[in-house]
Amino acid sequence: MGIRVPFGRRRSGARTESGPGRENTAATASQWRLVLRRFRKHKLAMASAVIVFLFVLVSVFAEFLSPTTPTDYDAEYTFAPPQRLHVVDTSDGFDLGLYVHGYEITRDEDTFEREFAPDESQKIPVGLFVEGEPYEMWGLFPTDRHLIGPKEPGEPMYLLGADRNGRDLLSRIIHGTRVSLSIGLAGVSMAFVLGVVFGGISGYVGGRTDTAIQRLIELLMSIPTIPLWMGLSAAIPNDWGPLQTYFAITVILSLIGWTDLARVVRGRFLSLREEDFVLAARMDGCKAPRVIGRHMLPSFTSHIVASLTLAIPLMILAETALSFLGLGLQPPVVSWGVLLQEAQNIHSIANAPWTLLPGVAVTVAVLVLNFVGDGIRDSADPYR
Amino acid sequence: MRAFVIRRVLYMVPMLFAISLVSFAIIQLPPGSFLTTYVAELSAQGQDVNSAQIQALEERYGLNDPFHVQYMKWISGIVLHGDFGQSFQYQQPVSELIWGRLGLTIALSVITMLVTWLIAFPIGIYTAVRQHSVADYSFTFLGFLGLATPNFLLALIFVWVSYRYFGQTVGGMGSPEYADAAWNLGKVLDVVSNLWIPVLIIGTAGTAVLIRVLRANLLDELRKPYVTTARAKGLPEWRLILKYPVRMAMSPFISTIGWILPTLIGGEVMVSIVLGLETTGPLLMGALQSQDMYLAGAFILILGALTVVGTLLSDLLLAWWDPRIRHAQAEKV
Amino acid sequence: MSIATDETLLELKGLRTHFFTDEAEIKAVNGVDLTIRRGRTLCVVGESGCGKSMTARSILRLIDPPGRIVGGEVLLHREGREGEPGTTVDVAAMGHRDRGIRQVRGRDIAMVFQEPMASLSLVHRVGNQIGEAIRVHMRMSKKEARGRAVDLLGQVGIPDPERLIDAYPFQLSGGMRQRVMIAMALSCEPRVLIADEPTTALDVTTQAQIIDLLTGLQEQRGMGIMFITHDMGVVAELADDVAVMYLGSVVEKGPVDEIFHDPKHPYTRALLDSIPRLGSGGRGRLTTIRGSVPDPANQPTGCVFGDRCEEFMAGRCDRITPPPIAIGPDRQVRCLLYEGTETVTGSMPGQEAPDAR
C-alpha cells in the first residue's frame, strides 16, 4: 500500500501498489543506467564530480601544471607573500597580458625580519607554456615546459606565496595533490580488498566465522584511531625510503579503514543470502566464488562504490593528520599533510598565514568527495 | 534485564584482554627499543657507553625476554598492583605521569560530547522537519564543511585568528597566574573559560556527524505510518514529532556514544598537540617517538578500555531506551 | 440513542488532490463526490492506486507534500450542543496544521489504518497511546484517561484489558493491534470513522472478527463509517452504500444491493466478474480486466476507463469526459452508455440534479 505518493517515483519498486505493468519499463534499463540517471539529477553531486575530475587532472599533470618544481628554492624569498596575477595592465593605457609585480624587500630595524611589499614599478611578465625549471614528466620525458610561469626564468613568481625555504607553495600544493589523492585511492583499494574478503566471508559463511570476524572488527574499532595510527606509524623505521614509507602508511590506513566496508558488505550479504535468486544459483550447483562473484556482488556494486567514495576522504584526512604530526610521510615527499607541518609553529602562522592554504585543498577535496559519495549512495538506493 | 547487564559486562573481559594484547604489540613493534635510542643519544653526546651497562639495563627492564613473558610481567603489574611500569624518559612510574593528564582528556572528551549533543540535537531535528528550507541547506552545508575540515586545521586557523586579530598567543589550558596554583574555584573557572575553544574545535566533526545521522534517521521516521496515526489523533505537530519520530530516531543516536568517544579522544590528541594543552596527546606523541614503551602502552590501553566502557554504556542505555531491544534481550537469556 | 439514517455527517464535493512531482502533476483524487450518513457504512472500492486512500487522507488533511488539495469541499456537519443548531465547516479550507483541523481529527472524524504494526508506535505502551488520544480532546486526568482506555479496550474485545494496557504493541498479535487502533479511534466518540483497509494485513479469521466488531460498534454508536477496501467480499458483508473508484474518480455509486445486482459501469461489471463465486461451477475461467491501470501521470483523455473498456465507443469515449449521470435514487454512474437515461430523483446528495425537465 503506497502510503504517501501513491504513484510517484519514490517507491515505484516491486513493493508498491502500482501494477506489474509499470515495472517493466523500469526493468529494461540496466541497474547502472538507472543509478547514473538518478545521479545526474543531483546538481550538487554533479558539480562536485566535475571538481573531483579537476583534482584528478591536477594530480596526473602535476609537473606540467605547476609553475616550477616543488624543490626549487630561493632563500631570497623566504615567506614571500602571494602575488596578485594581473591580466590587464592599465597603468598606461590598456595592455593585455599576464604579469605580476615584483617584491620590495625591507628589513625591520628591530627584529631584523624581512618584510615584503609589492613593488608596483616592477612588472614581471607571465606567460603560458613557458620554459622553466627542467623536470621529467611522469619520471619519463625530460622537459622544461610549464603551463604558467614567469617569461624570464628565475624571476620571482609566488602566486600562493613561498614557504620557509622560498619554495613556491602553489607548485608544492599541486604536487601534494598527487600524493594525497593517490594515497587515499591506494588505501581505499587495499581496504576494499580486505573489506570485501572479510565482509564477504563473514556474511556468506556466517556462524562462528562470522562471530570471529565481527569480534575482530569490534576490537579494531574500539581502539581510538589516532593513538592506534600514531603507534603503528611510529613503528615505521626512520631509515625507510619515501616509497617504503608511502607503502607502509597506505597499509596502516587500510588496516583501520576496512572495517566499515566489511560491515557494509556483510550486511548486504546477510540479506541477499535469503533471496531466491541466490538460492536458485546454489541449487544449480554454482560454487561459492561464482555465487558471490556472479550473482551477489553485482547486485550491490553501486553500494560498494558509494562506500568506497565516502572512504577516500577519510583516508585523505587520516594521511593529513599523520603527516602533520610528523608520523606519516616525510619530506622531501610532498603531501598536503607534509605541507601543513610548516604551519605547525606560531611563528609561521603569524608571519605567513598562507602556509595554511594546503588545508584549504584538503577541505575542498574532502568536501567534494563526500558530496559525490552521498550522491552515488542516494542514487544507488532510491528506496531510502 | 539484570542478566543482560551481567552478560554484557562479562563480555567486556575478553575484549579488554584483546585490547591489552594489541596495545602491547603496538609498543613492541618499533625496531629497537628505548635503550637503542638512549644509547644513540649518549654516544652522540660523546659519552662512552659500555656494553656491561647496557646489559644491566636490558636485564633490569627484561628487554631480552620473549614477548609473552614481557607481556605477562606488564599486564600482571597493571591488574594486580595498578603498576603500569616505569617511564624510561621521565624516570618516574607511569601511573604518576598519566592520571592527571588522562583526567583532563576524559573531562575534555565528556564535555565535548555534551556540547556536541546540545548543538546537534535541535539542529538535527529542525533540519529534518524543515527539509529543503534555507536553514536546512545552510546547516547541511556547514555540517559538511565541519566534517571536511581536519580539526587540527581548525585549531591552526584559530591560532592564527587569535594572533592576528586579538594579538594573543594561545596555548595551554589555564592562564599563567594559575599555572602552579593548587586547584581552587578560581583556577577551575579559569580553565573552564579557556576550555570552550578546544571543546568547540574538537566537537566540530562529531557535531556534524550527529546532525547528519539524526537528520537522516528522523527523515526516515517522519514518513512512517505511526506519525500519521499520531497526527490523525489531533496532536499538535511539534508535540507529536518530539514524542514519536524523534524518540525513534534517537536510538541510533544513543549507539553513537560508543564510537564517538574514540573519535573525540583522537581529535583531542591532535588539537592538544596544536594548542599545547596538557592532556594525553602531547605526552603520548612524545612517548611514541622516543619509544618510551610503558608510557605509550599505558595510554593506548587505557584509552582503548575507556572506549569499551563507552560501548557498554551505550548498549545499556539503548536497552533502557528501546523496549524492543530490552525484551529481545530478556528473551535471549 | 436514536439512529436517524438519513442524517448527513460528511460530504465531499468535487474534491481534488494532486501530487506535484518534478515530472508531472498526478491527479490522485480527481473530483470526488461522496456522502457519509449517520449509522451507515460507505464502502469505497477500487484497485490499488485508484485514489481511495488518498481520498480518505484528504478528509483529515493528512496528505504530505508534494501532494495537496487543489479544489473542492469537505463539508463536516457538526451536531449542535444543547439544542443549538448544528454547524457546518469546510475541512478542505482549513490549514493542515491549524487548530481547527486538529479539533476535527480524532474528535469529529477518526481514522483506522491498514498496517497496525507500523501505525502504532512500538516504543510506547498501548495505554499511553490511547490515553494520549483521549486527553488531546477531553479534559481528563491521566488516571481517568487510563480508566477510559481500559473500558475501550474491553469494548473492542481485548481480553484482560487491565494487563494489556501496559503492553507494547510488538507484544500483541496483528488482530489485537488492530483492535487497539480501533479503541484509539473510538476514544473521543467520533461521529465519522474512516477505516483505510483495516483488514487487509490480517488473516481471514481475524478479518471477519474485526468486521463484526466494527458493525457491532456502529450499531451501538450510530457512527457513519467510510470503509476503504479492494475486497468485494468485505463490501458485500459490510456496506450500505458503495462507491467504485477508478483512477481518481468515482465511476459508480449507489446502494450495495443495486451495485451488486445491477452494476451499470463496465468497470464495476468487470470488477464483479473477476470475483470467484461459490457454486458457479468452479470450472470456468475467471474473467480478468484486460490491460492494467494506466500511469496516473498521463491520464487518458475522455473516460478514464476507456482503453480497457469492452464497450469502448471510438470518437466519444476518448473525447468526452463522462459527467455523473443519475440513474436511480442515490445512484450515479459516469459512463456515456447511460447518457439520456437520467431519472429525476430529487437530489443526489452532494450533486446537483442533472437538468431536470
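Order as written gives the chain letters A, B and C; numbering starts at 1 within each chain.
Here, a contact is a pair of C-beta atoms (placed from the backbone, for glycine too) under 8 Å apart; a residue touches a chain by one contact, two chains touch by 3 or more.
What you see is a predicted model; the values in this text were computed from it and never measured.
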item: Most distant chain from chain B by Cα centroid; value: C
item: Selected pair, greater C-beta contact count between B-C and A-B; value: A-B
item: Separation of chain B from chain C, taking each centre as the mean of its C-alpha atoms, in whole Å; value: 56
item: Centroid distance [mean C-alpha coordinates] between chain B and chain A, Å; value: 26
item: Where chain B touches two or more other chains at once, by residue number; value: 223, 225, 228
item: Numbers and ranges of chain A residues touching at least 2 other chains; value: 4
item: Shared interface positions of chain C, touching two or more other chains; value: 64, 114-115
item: Sites on chain A touched by chain B in the complex; value: 3-4, 215, 218-219, 221-228, 230-232, 234-235, 237, 313, 317, 320-321, 324-325, 327, 340, 343-344, 346, 349-350, 353, 356, 359, 362-364, 366-367, 370-371, 384
item: Residues of chain B defined as touching chain A within the complex; value: 15, 18-19, 22-23, 26-27, 29-31, 144-145, 147-150, 152-153, 156-157, 159-160, 163-164, 169, 220, 223, 225, 228, 259, 261-263, 265-267, 269-270, 273-274, 284-285, 288-289, 291, 296, 299-300, 303-304, 307-308, 311
item: Chain C contact footprint on chain B (complex, rising order); value: 223-226, 228-237, 243-244, 247-248, 322-324, 327
item: Chain C - residues contacting chain B, complex; value: 57, 60, 62, 64, 97, 102-107, 110-111, 113-115, 118-124, 132-133, 136-137, 168, 170-171, 181, 184
